[in-house]
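One chain, subunit A, appears in both complexes that follow, with subunit B as partner in the first and subunit C in the second.
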Partner chain A sequence: MRARRVRAIAWKEFLQVWRDPRSLMIALLMPFIQIMLLGYGVSVDIKHIPTCTFDREDSQRSEALLKRFQASEYFRIVEVESNYAGVTEALDYGRCKLAIVLPATFSQRLTDVGRSEVQAILDATDDNTANVALGYAQSVVAGFSADVELRQSARRGSPLQNTPLALEPRVWFNEDLNSRNFIVPGIVAMVLALVGAQLTSLTIAREWERGTMEVLISTPVTPSELMIGKVLPYFAIGLLDAAFCISLAVFWFEVPFRGTLATLLFTTSLYLVVVLGIGYLISVLIRSQIGASAIALLATLLPTMLLSGYTFPIDQMPWPVQAITYLVPSRYYVTIVKAVFLKGAGLAQLAVPISLLAVYAAVIAFLAARAFHKRLS
Partner chain B sequence: MSETQQDRGVTIAADRLVKRFGAFTAVDDVSFEARRGEIMGFLGPNGAGKSTLIRILCGLLRPSGGRAEVAGLDVARNPERVREKIGYMSQKFSLYADLSVMENLRFFGGVYRVTGARLAERIKFAIEMAGLGGREDALVATLSGGWKQRLALGCAVLHQPAILFLDEPTSGVEPTSRRRFWDLIYALSADGVTVLITTHYMDEAEYCNRIALINQGRLIALGSPGELKRSAIKGNLFLVDCDDPGALLAALQTAPDVSDVAPFGPSLHLLLDRAEADIPRIEQFLAARGLGWTAIEPISPTLEDVFVQLVKRTSPVEAEP
Partner chain C sequence: MFGRIITLVIKEFLELRRDKWARFRLVVPPLIQMIIFGYAATFEVFGVSTAVLDFDHSQESRELISRFTYSGRFHIVKVAQAEPEINAAIDSGDAVVAIVIHPEFARLLRKGQSAPVQVVVDGTNSNTALISLGYVGEIAAQFAQDYATDLAQRLHGAQGPPAAQVVLEQRPWYNKDFNSRWFFVPGIIAMVILTMLVNLLSFAVVREREVGTLEQIMVTPIRPLEFILGKSIPFFLVGMALVALIVAVGTLWFRIPFVGNPLVLLLGTSLYLLSILGVGLLISTLCQTQQQAFATNFFVVNPMVTLSGFATPISSMPDVLQWLTCVDPVRYYLIIIRGTFVKGVGLAELWPQMAALAILGTGLLAASILRFRKSLD
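Our next item is the complex of A and B:
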């Protein structure tokens, strides 16, 4: 290993990226676009669910219940219907996701029998929203129902001071349950997977396509000097992109950052070695830039989006898919980066994912160094 | 490489090299030696195996059989040590077009670990040699063919290699640039650099000290241009100028005393066993068949004549229609 040769290759590679608009765009613009798109676009918080009401009784009590829906930030009453046809139409045309229908005997049955039904009609084309909406609707109705019970028992002369059981929730790590707080840190994993593997996937293929490889391998450069020299500039770009994304996360999206920068730098470097190594390995194996870049996209971005736990929780996946996620390096990094941001986790708490990521990095670096041979064909 | 080889200054020794790609044999049992400071040309048609041979000698391809020694080292065993002593210009232009002249030179300086004052001196030499003074910061993509080619040579000799491999370096370069390129090659050779160059330009081959003629992977002749002409052409060569070379070609193939006739541009090259005595009989033969000609005059053979003769001799099946 000769530092002089590694330096010559790294500098040449840097100049080539600097002068290639396509690479520059991937390196500098993509991270910005991604973090803005995902930071603003992806939100799994469900608020202001468009709702319509159909009150068939129009009594004081039925109105009181509907007022509670109106007061909740989870619902937005967009239409008030006067018949079932109106309800059907509002759901059919997607103007609302939820319809609350109160029967004509609502307050009468409450008084006579002590109970009444409330109908909720849900548009379940998006089952997640439907489920969440149902949950919120149930809690609004339960709150109303508890008040009714309190008043009835007071009238019977045995006043209940309170409902017997009450849950006192304390939410840790993401106190205001803001989904952005756990999505934005994960974007760092996405950006690095995209930028790192994309740029390095071009690096060897480009030399083959342009015919420069033939002379390069006629020089005394060794395969490991070539690999390290070629990956170094992208490592620097990757760290820069990571710093940029993390700054935006903390200062723009105001995601709480409770860990230490040292932990984040160490784990990010480890993850970068993995994604850059994967990109380089693909570039060695696929001698065309288009082919290599497409495969790098499939090999890094897709698993990061789908299988890293970034968008879909891993413990809700069927077990064969869960098994596959262990092969996805971003799985470890997403876990790490969320824990560093939200829990302030240090190296000790993250020993397991860090070790697994380190093993991954070592295996990839070994394979990448071995894959390149200084021979034609 | 044996003691005696080194005493004789042998820097490249190929011993029964074979390279097969599947069923196709690209290099077929080729042996030769090249000495220090020698300019050795590999001449042959496209696809004859010249590039494959050079790539084996540079360690870019593993031979299917045989041994290659370069600068006293077995190429298969010490590829990296061999690479420190050689310079290589591939057939396709191989510098970084998106880097400037200076950046390319610095890159190869770094890769060959040329440093400090020596690097500055070598870069100065390369820029002067290529005639690129004042264009150090120009992107290579903006240079014309002759400049690119001389810069590629400058990069290949930046580390002062003992042996230089040039694979069709002058293809696609205009004639004046080609002449200038050959002047550089002569200067390198005078400094003791062994130059192995492939070409399919017959006129260029004349500039070499020795020529290896390659056809279908086989080495069919090896010698100086003069030696090859003397040994390959048995008889006397004549140029036949005429209006209908096709008809004359067909007729002369059956004429007596003609050992060979071949088309050569718009005219014919005629090889006769004896010189003056045969000419009148040939003229009679053509006149009897009502065929006309403008002139029949003696000429000295070119390397193309040598090549045509040797190819016919080594592959008789193809030569007969």
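Our next item is the complex of A and C:
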């Protein structure tokens, strides 16, 4: 292997990216757009749930309860209905996700029987939002109920009964349960999968399509020199993108970073070897650019989005799908990135995912180096 | 004019018939994506890995723990003997939830005092953490209530004076069991079609430009408009067939109920295809090479997915992003497809979305035809 030839190939590949504004854009601007869009757009924290109310009693007490909904930042009262048909319509049209219906006997029953039901009608099409909304509504109602109880027992002069169980929840690693803290580190994995596999997947296919492959084959370059030369510029771009994303995550989104940079740099390089190798392998095997990019998309980006644990927890998937996730390299990297960011994990705690990623990198590099033959057909 | 368009359409289908690989690429990836992602995409929480540390070893503490097991929401993976074991389980990610019962638990309960139960949650995935905490709260509250009634009965022989209570009754509409798959599978249909068609169409046009066959076509009597229609119609038909195929997978394989009117979905789908073909064509007029087309597709398709409300509700996004979602055709189609699948609403409720898609579709197509003329010069 000659360093001079590797350098020549790498320089040529670099110039090709540098002079193609759109490739440059995908390499440099895309990470920015991606992290901003997902950082702000994908928030699993549910707030401002569009809500309508239907108060059949219209008393002081019912109003007091509805005021509590109004004051909560989790609900946004968009409509006040005066009949049941209005409620149905608001949900059918999708203008509201939640309807709070107070019965006509609300305060009367509360005084007489000591118990009143409030109805929460939910648009459960989006089950997750509905579930979370229900939880918030429950706590609003429970707060109101406790207040009523408190006032009643104060009037009666009897001591307040203790709730027999006091839950003391402690949340670790992401203390405020901020979904951004778990989404944003994962974006690094996505950006790298994209830049790495997508850009490299086109490099060899392009040479075939443009007819420059024949020239390349006639030079003394060996297959492994070609691979390393082709991949090196993208490795540099990938590291640059990773650094960029990580700084945005830490300084712009203020995601806590509790691990060490060295751990992150080491694992990121390992992951880059895997995705670049996959991209190169696809590029060698599929000689058309459309085919190569479509396969690369199918093989890297979509699994990273859905099967890596980036948003959807792996342990909730059925076992055949869980088995597939072991083949997805981003699964290991997403685990690592999140642990380094939020848990401050070091090499010792991450030994398992890191070694699996290393095995993956070795296998892919071996396959990629052997895949290319200097033959025309 | 029609003769020439039909000739072009026939030419495209002939190309497809002769390219076995292209046909494979058209049918197999969407099916695989549909099935794997249909299983993977869920925010539901079952069988959360849980560690317990019971210092009390009383009847009461065992009763509480068994309630966690029987709920199906928690899966006890570790019974710890000391605090450090709990910490290690959470640190390593072996357990997501840990429940610690203090030695005084039963004694305090029997005295009618408040007995503390400590819950540690790994907040890395904030959504899972939030939902698990909700279930912990529910189980604890139920236990507390049962215990209080029980205690009152034992002490007073009958139920004590009822405390005033306001309770929330839940009425989830459309998706009574909060089944996550009902929400995601229709969305996945929209995503799969979007990524496939935008890529295929923009690549098909750009390839002609890159290889030089576009110029050959332009010297024939075929006019730009005819060329565009000739390219779009086959993809429209292919898109329709694909939608039919994956809707069949959704209803027959995943058993998602289809309660609406298929004709409404058909209309909505045609309008949706119109807009996404418009997007694909517009991209193709901006690009000279396939690599550029690929990059541009990515820049356009990704935000379309993120902003569509596919996984996270639009109402939780920042205002600026919420405005941007108004020009996203996927947003409207998601409302239509979820509306027809799960909610069973019809044209009366969905006409605003239909109108929005029609406007976006014609606008995009008109813009791409204008741009296409220019890009020929």
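Here, the second predicted complex is superposed on the first by the 362 of 377 C-alpha atoms of A that agree within 3 Å, B and C clash if a C-alpha of one lies under 4 Å from a C-alpha of the other, contacts with A are read in each partner's own complex, and residues count from 1 in each chain.
Assume a residue touches a chain if its C-beta (ideal position, glycine included) is under 8 Å from a C-beta of that chain, and two chains touch if they have at least 3 such contacts.
These figures come from a predicted structure and were not determined experimentally.
Annotation: superposed three-chain arrangement on subunit A; subunit B versus subunit C shows no clash, the two fitting side by side. Once the two structures are superposed, subunit B and subunit C can be ranked by residues of subunit A touched, with C on top. Contacts of A:219 after superposition: subunit B is touched, whereas subunit C is not reached. Look at A:250: by the touch rule set out above, it reaches neither subunit B nor subunit C. After superposition on chain A, the vertex angle at the CA centre of subunit A, spanning the CA centres of subunit B and subunit C, is 90 degrees to the nearest 10. Of the two partner chains, neither subunit B nor subunit C is touched by A:356. Of the two partner chains, subunit B is the only one that A:374 touches; subunit C does not reach it.
When both complexes are overlaid on chain A, the residue A:347 reaches neither subunit B nor subunit C. Legend: residue contacts after superposition of the two complexes on their common chain; A:152 is shown touching subunit C, with no touch to subunit B.
In the superposed model, A:28 makes contact with neither subunit B nor subunit C.
Residue contacts after overlaying the shared chain place A:339 against subunit C, while subunit B stays out of touching range.
Of the two partner chains placed around the shared chain by superposition, neither subunit B nor subunit C is touched by A:285.
Per the superposed model, the minimal spacing between any CA atom of subunit B and any CA atom of subunit C is 14 Å. Comparing the two interfaces of subunit A, the one with subunit B and the one with subunit C have residues 20 in common.
Only residues 21, 55, 58-62, 79-81, 83-84, 86, 88-90, 92-99, 103, 106-113, 115, 156, 165 of subunit B touch subunit A when the two sit together in their complex.
Interface of subunit C with subunit A (complex): residues 21, 25, 29, 32-33, 36-37, 39-49, 90-93, 109, 112-131, 133-134, 136-137, 140-141, 143-144, 147-148, 151, 162-176, 178-180, 182-183, 195, 199, 203, 207, 287, 289-292, 294-296, 298-299, 302-303, 306-307, 311-313, 315-318, 321, 335, 338-339, 342-343, 345, 349. Looking at the complex, you find that subunit A touches subunit B at residues 2, 4-5, 7-9, 11-12, 15-16, 19-20, 210-212, 214-222, 374-377.
Residue ranges on subunit A touching subunit C, taken from their complex, read 20, 22-23, 25-26, 30, 33-34, 37-38, 40-50, 65, 76, 91-94, 97, 110, 113-132, 134-135, 137-138, 141, 144-145, 148-149, 152-153, 161-179, 181-182, 194, 198, 202, 206, 289-291, 293-294, 297-298, 302, 306-307, 311-313, 315-318, 320-321, 324, 335, 338-339, 342-343, 345, 349.
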